[in-house]
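Below: the structure, in structure tokens.
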Amino acid sequence: MKWGSNTWVGGALVAVAISAAILAPWIALTDPVMDANLMNAELPPSWQFPFGTDAQGRDIYSRIVYGARISLTVGIVSQICNSLIGVTLGLTAGYWGGWWDDLVSGTTNLMLAIPSLVFALAIMAILGPGLVSLVIALGITSWSYSCRIARAQVLSLKSQGYIQAARILGYGDLRIMFTQVLPNILGPLIVIATLGMGGAILAEAALSFLGLGIRPPFPSWGSMLSEARDQIRAAPWLSVFPGLAIFFTVLGLNLLGDGLRDILDPQSTTRRA
Amino acid sequence: MLLVLARRLGNFVPTLLAVIALVFLLFSVLPGSFISGMNEDGRSPIDPAVMERMRKEMGLDDPLPLRFAKYVANIATGDLGISFRTREPVTKLIGVRVWPSLKLVFAAMTFAISVGVTLGFLAALRPGSLLDTVSMVTAISGLSLSQFWFGLMLMYLFALQLNWLPSFGYGDGGLRNLILPAVALGVGPMALLARTTRAAVLDVLNADFVRTARSKGMSERRVVEWHVLRNALVLVITIVGLQFGSLMGQAVVVEKLFAWPGVGSLMVDSVFQRDMPAVQGCILMIVLFFLFINTLVDIAYVVIDPRIRYG
Amino acid sequence: MSTPLLAVDDLHIALAGDKTTYGAVEHVSFEIGRGEAFGLVGESGCGKSITALAIMGLLRRPLSLGGGRIVLDGQEIQDSPAAEMRRLRGKRIAMIFQEPMTALNPLSPVGRQIAEMFVLHEGTSWNEAMDRAEEALRQVRVPSPERRIRDYPHQLSGGMRQRVMIAIALACGPELLIADEPTTALDVTVQAEIIDLMAELCAAKGTAILMISHDLGLVANMCRRVAVMYAGRIVESQVAGAIFATPRHPYTRGLVDSLPRLGERSRRGQQRLREISGVVPSIAAYPSGCRFNPRCPAVTDICRSTAPEITALPADGLVRCHHHG
């Protein structure tokens, strides 16, 4: 596939999602939480309610638009958190080596031995449900990949002598890390971050669906699905639209990430193969 | 070769111990994680005297290393503690759910491998064709799906509308109940396998030694059979091994959706009920399985790739 | 004169780009006699390797045959169906490549890779084929062949791997061996051994060699006639000795001059090695007229506007230059 089409389509989808989130108060038809009219409960899609209404009589379309805010925020924040942790650990581990490297590598291997969703679930078990614990749980369980990449990049630069040369010139460690190493890994990191955001959104949806993340009545796409599940027979549209919202947003992020990979990381250090 | 094998297996035990330590730290050491959980499950607060008795009973006042040693010893003998909720041994609770989970995970993986690898393979043999584009679009869509949502949609279509398959539950343990959850669970790994297989096969098809094979006068089909398959297999096995991990994670949600009586749904329920021993037990079970699979993958490498055997 | 074993006549190879098609190789013609060693020399990117692939029928997208004839032993093969080309490959024309490290299947023992040839082309049983593979290894002077047939490529040194490749190529007694930079990736000491081995085996079996290299000295030593390629065209072709003694094309002259020679005193004031200024043009930006004109010390106006025609030279030579001689 030409790199062009991936990036553009993906970028467009992501832009739509982000715009929906930002413009929510203006493009939503009703208040997503308060405008509940039991008289309107479980109506199929119509001109008044483009995506139908839920069991409380709330407009699904508005809830999805507001839900974009929550889901995207969780995705972005947790991914930033993961990247920061991963890059810091990976950079320092590769740079300084020694016992610190051993410790970080060991921890990374440990993290990789536990499926991230299970780990997140465990952390939520300790912290209790809610938005904050969700972000924390998601933000500290997926840093292994960026850590590995950052570390590998540092080691590769080391072997090429860049770092030694900078040291000889009198650069301090931190300066070297910021000015020499970081620019080199920025490309792969952006790719990982983009793809990781998709994963974070899916994970948030899963955890909210289970009832552990965002709880009703707040309209996260995942919690909307958990509410919809029992009504699947009577009101299938309740499940279809939030799921489609998740699907297109994550698809956009995946396409964008793929496209960015072709531009920023042609040697494919990020290809999971 | 045995030496290489031994080295690979040597990784298993330390990692397992490290995970046990991590779980222990998270659940038994973090302030309030163990006992006070019982106060927050909505029931009336526990009498401090009862709490004190429980603390002594569970040895929570002992020094840390002693607690850890006891913990590991218990695990080694198969004692995972007593469930807060049902007062039964956790091992018993989990034991009855292991088989359904294994069935589900393996069924999902079988689906993922058979569809994903085939798709990726065919796509690589005809790059740029319609088949290739359709396969890759399917693959990236599969990666973007919320697996439980997909399961929900499948349930709606095949169970509720068409009435071909039961909508949830384990039933009599037969195939009919297994299909929907397995497909819902397997669609993610299937997508990733399709993409990776395609990339791996393309790589090999362009490799120098394949050019040599062609220059020997081999038919394209022979080239694929004799040279390409085995080399691409090495790359595919890595992914399969890694995917088992994410499968286990996703299985937790799919099990809950389909009311599948496995370890995953037990874990979710236990998290809700703050049944810490059960949660710990489930995590350990899941990780143990994943580590086991990874070790198998490592062994498979040694068998297939002579570069490692005689490395 | 007897029919040449291989005659390449006005060969064109096209390279399909994003929007246009480029002429990677144009107007290439040469002949190789039975049992003759023929050299094809040029810098990287001049098209010599893809010429070899074209002869073998191994061109793949985005390369394709754009015109011309390839005649093997009097029979035209450029349009042969795939099945027929397959029968030729390995049996009548064989090829060895530059990188022995990657040219062999890493997952298969080398003996098996040689034995494949016998099973494929002569229908022998695997057992018999393995015996013959051992014999083939002995012929290319690999020590302890009975043990080596079970080794994997990564267990052998570069020189040994190339010997295995030679064994594979010569297994079924082909009439023509194409060697594409076979020694470039090897140590200098091993290079000479491999070249000698090739020359000896081919002479013994009467196999013709098409030797492709960027190393003019190596080729001139081994081959009876040498052709020089530049930017997809043959610019000169002469008997080996003549190429060195009397190069007629400025490019050839540049190549010969740039070889440092032991004992040669530098002329007064001359401190540097002689080089050909400029770089090889990329295929998308071939100069008009004579493709060498931007780098040619003898360039004039006509060189920039008109592509030179072929001028015949004595002893079946040729040169493509407006100012040859």
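First chain written, first letter: the chains are A, B and C, and each begins at residue 1.
Heads up, the rule we're going with is that contacts are C-beta pairs under 8 Å (C-beta built on N, C-alpha and C of every residue); 3 or more make two chains touch, one makes a residue touch a chain.
Remember, it's a predicted structure, so these values are computed and weren't measured experimentally.
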Contact graph of the chains (line, ring, star, complete, other): line
Greatest separation from chain A - chain, by CA centre: C
Length of the line joining the C-alpha centres of chain A and chain C, rounded to whole Å: 54
Chain centre separation (chain A, chain B; CA means) in Å: 21
Chain A to chain B touching residues, read off their complex: 1, 106, 109-110, 112-118, 121-126, 128, 198, 202, 205-206, 209-212, 225, 228-229, 232-233, 236, 239-240, 242-243, 246-247, 250-251, 253-255, 258, 271-273
Interfacial residue positions of chain B with respect to chain C in the complex: 207-209, 211-219, 222, 226-227, 230-231, 234, 304-307, 310
Chain C residues within the chain B interface of the complex: 56, 58, 83, 86-91, 94-95, 97, 99, 102-108, 116-117, 120-121, 152, 154-155, 165, 168
Parts of chain B lying in touch with chain A, wherever the complex brings them together: 15, 18-19, 22-23, 26-27, 30, 33, 40, 133, 136, 140-141, 143-150, 152-153, 155-156, 160, 192, 196, 199-200, 235, 238-239, 242, 245-250, 252-253, 256-257, 267-268, 270-272, 274, 276, 279, 283, 286-287, 290-291, 294
